[in-house]
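After this come two complexes, each holding chain A, first together with chain B and then together with chain C.
After this line comes the complex of A and B, so read on.
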């Protein structure tokens, strides 16, 4: 804060005098975002979890395939005698270290969330913008698709697609290099890498429509604005008009939608793998760890807490960041 | 209005057809189902199956038919045998499926009754006349709510019967939870909007924000952990962690003995899942009511009502509240489909014997059941959208349907 030399009044364009240093849009948003303390804390926490899971092989106390049933459900800080490693958060029913599995699981769970949110926002924004700008047949087609997808119940369809596409690889052939990339990125085996790709695709298919509807509505309003007409009369082409003048003005709600779909995809992935339709054991995800925790809840009461808290923290953090960004980007959207 | 309804009815029908066709195609190509079960039994070698078993299963569930024909029969019950026109059987020799496929890569020569020979990779084709086989199940078709019989979960039980037995627990759970959520959410939302920026409002916004960000999964399992296990460990009255009724009588501190299957037992089992579901919908709805009430309170007509000298309670209840309920209608109608399959996660956490859990089980290979639940819940979703649109015109006469 102390380093900031910007004067608050400068942000109001109307009374900015010629020589006064004006604040850029990004700086303005960042200054407003910083005021939302919970959002900042969430940002820090999420970054930390991201980094930890990114360097999981280095920071995790155990190897991912370590198991020893004689050490099942050990309490916090138990020392593993043969090697001297420490079960910091205890172990599960096979004596696998919970912290290690949480870190590796975060790679899967968080990558799915980030990928689904990015893909559905990119696809949704593109289609929505094109439909809103050009109108005509593209718009009609989009509206029909939106009518159709809004009429089908999300979770049941999601479960069907996931369960069938996951059981039969022939139904959805994936290019080899895609699964390779995911194998390397998530440190899982080919089967699980395939599951992750399928889940990302399925969640994106169900998720892009909301963003498309939002973008289309915003573009419809913006395309009639005077500055768009002005640019067009100056001879600007459609593509640069959309990219330079329309998109920046509809970006704020899309960014907010991005954080919301992060939270949504995160919840959907945990629910899917909890129900047994997502990434399967022995690969760890937070959802299937939660399912193990519940199956053994009578024997062990610590594991549900150890697995549940990260789920809670991330889900709250996604929502707080969304809230903070919404307030920072566009105070009018405040609920 | 009438043209609107007719158009919507047609579009609902079209969407249902599309969904059913797509889902049927997926299930048709999916592994699992009764044939896989038989294959596993044969492999394990424990059960002696005679050679005809596979054929019988195929006949029973129409598994030998081509996709299009099978879908037609599933949807409408037609064709159920040779087509009779003017007392004459037509097309009885048309192949519509294949009971036994030739070993891969090999072709066989088939000879028709009229002497024509064709090359095919099917050893024993099914002809239209074979549909008269008494081993086949006569279906009235999904359009007339006959979804066939269950293939795995409850062998040979009609799907509709299975759904009926699971419907009551789901309706009970969702009905009570949603009712409670409305009863609590509406007053809370209104009060916190009327007293904006008060301490009450502050608490409500904080709690509801946390609540709506909390995953059901977390809430449910923490509920079990704290209210069933920790309370029992502490010797306090606890709640059952799962199911809708006890298997045997339970003794609970302070509450005394609870007889299995009694009314008290049912209520006892409802408390935890209902609380979780109520809390989840409650938080979202009260936020919604609060913001729509805040919107209305800013309107000119509210200021007019105040200027007329009306009592504040009158202003809020008569002028503001009723108008703030308009957007709430959509939300309420959205409950309808969730009554059916909305509680999939909650039911799975609490092993609640409802439709959501039946659906999850059915996806393990009992595709006739899954199809039925999917279609019914799609239908309910579509109907609820229609209902919302119609209700809008009732609560807000400015809106016209066209």
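After this line comes the complex of A and C, so read on.
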């Protein structure tokens, strides 16, 4: 075949037509990510859950404060006679609609996960980059702080800190606008907004270490690369060197760590609420719904599943996306 | 410009007693237990418009010289003066201004370009650092530089992985040139390239030298390459400069035994030519613990007792011809 002998040459940059647009890094990553079927399914599922919870007031079958004890523990697809609305997933001990509460609860749980992951990745990446780039005494000091922080067992400290900070608001004075923002965002009351902020802070304080260590290691390798030396010989300062050359080259593993951090924060928030130290009733989160389900397991046997399955699915989805991204971003697998 | 004319040019770069030791840390307290003597008391100068070649085995400190001269690695001792200004004592802002005039081209074309940045941006980066914020003006210069090294304007938008090694090396040259420097350290710029591409890149370097009046410190381990491009050549062995002279006398009449051994190792592309080879015995010693006396004496076929105890001085044995060797010194003095 004549065409097959000519083809390979077209891949060389010099031979390609000038007007041919080159594939950007993002397009390349996306193309490889799509091959990971589970990751794509997870991505679609999570996006769906995000959107549904974002538009919860519009899509939820009931109002969030609806309750009617005469309809407690009703099974799937029970019609609420007074208005004709349907308990699609059944109801809990106060006759509240489970689907509605799941949707509103997702707002809290997912926001906490996203916020904690973003904050701890940002803080971790910054600290790791500074430690790895400047080395010496700064590095040693930061790494000792890191060792100390990562040596603390997470859950006990989380329980203690959360309960102390939540019972006495004076210990942690928050600016008014912060709680105001969370009230509006999560559609909860001031007390709950406050506890969300506290949980986010505590989880971030304990969660930045992994990303920091990862970033430091990567930066240590990248800072020795010739292109960094080249930019230094052009007279570039440290800050622009870190931002323009070092960070873009260590970003891939940080993105993967971000999804893992999402999964971790998601599980931690759920666990806290389940144990009763997180966001309290009547505000819904997946964790405190799970604890209701556990307490009433003999009255409503499907409720643990109705609440547990979304938790399981989201946890898995975060991890699958992480796997997919890891494969897509790995430069050694360049195709 | 002929070699003779260049001899009278003013000195652009003066290196005096440059020393660079890398500490080896060990033990519980990370104390310095030993030092790698990468560059040990070297002095030379580079004249305006000339190319000074620097050759030697790997690990002899060539690259370290290139990097310390540009203050990319801090020196242990010694001084480097560039256009009369002390490079090591310059303040941050003085250094930034000086960096505009001195650039570097790297050996490895695969790691010298940021893989996440289009090459046009890499080339224009120096301009941005030195205050040319006008994107349009910058792009013009980037395209001009790409053309100068034989690439096209549309290559500016591409990423490094889309280029071959030779093309990347030319991009590296374009980046070094964008600021119109006076002095460029070429750190083995062709060692990683195919032989057919080597001459291409060397010729680009030569053409650009003529066009912009550049001065090169050309580091290489290949004597044929150095012969092709240099006006003067310095030979290094284990952190020391052993011989320094103009190209003709080095290749015609080398004084130091190490240079002689290197020259006899140049392959001649003619299978019928038989010649005497001077094969060195043993390995290059560790720069952590260099031999006493002349560092070359354990491998030198001409070594005498004096070489084992007394370190030879780097002296001008003939006009413009420096060498550090007791035997050669005696021979020259005897009029041989």
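Simple rule for what comes next: the second predicted complex is superposed on the first by the 308 of 335 C-alpha atoms of A that agree within 3 Å, B and C clash if a C-alpha of one lies under 4 Å from a C-alpha of the other, contacts with A are read in each partner's own complex, and residues count from 1 in each chain.
Heads up, the rule we're going with is that a contact is a pair of C-beta atoms (placed from the backbone, for glycine too) under 8 Å apart; a residue touches a chain by one contact, two chains touch by 3 or more.
Since this is a predicted model, take the numbers as computed values, not measurements.
By the touch criterion defined above, A:25 lies against chain C but remains apart from chain B after alignment on the C-alpha atoms of chain A. In the superposed pair of complexes, A:156 makes contact with chain B only, with no contact to chain C. When the shared chain is aligned, no partner comes close enough to touch A:55: not chain B, not chain C. With both structures placed on the common chain, the touch criterion links A:304 to chain B but leaves chain C unconnected. Contacts of A:248 after superposition: chain C is touched, whereas chain B is not reached.
Of the two partner chains, chain C is the only one that A:235 touches; chain B does not reach it. By the document's definition of touching, neither partner reaches A:76: not chain B, not chain C.
Contact with chain B, but none with chain C, is seen for A:315 once the two complexes are overlaid on the shared chain.
A simple residue count on chain A separates chain B from chain C, and the partner touching more is B. Of all the residues in chain B, the ones that touch chain A in their complex are 11-12, 15, 18-19, 23, 26-27, 29-32, 209-210, 212-218, 221-222, 224-225, 229-230, 241, 287, 291, 337, 341-342, 344-345, 348-349, 359-360, 363-364, 370, 373-374, 377-378, 381-382, 385.
The touching residues of chain A, when paired with chain B in their complex, are 147-148, 150-153, 155-157, 159-161, 163-164, 167-168, 170-171, 263, 267, 270-271, 274-277, 287, 290, 293-294, 297-298, 301, 304-305, 308, 311-312, 315-316, 318-320, 323, 335. On the chain A side of its complex with chain C, the touching residues are 12-14, 18-19, 22, 25, 225-227, 229-236, 240, 244-245, 248-249, 331, 334. If you check the complex, the residues on chain C that touch chain A are 67, 70, 72, 95-96, 99-100, 102-104, 106, 108, 111-117, 122, 125-126, 129-130, 152, 154-155, 157-159, 161-164, 167, 172, 175, 179.
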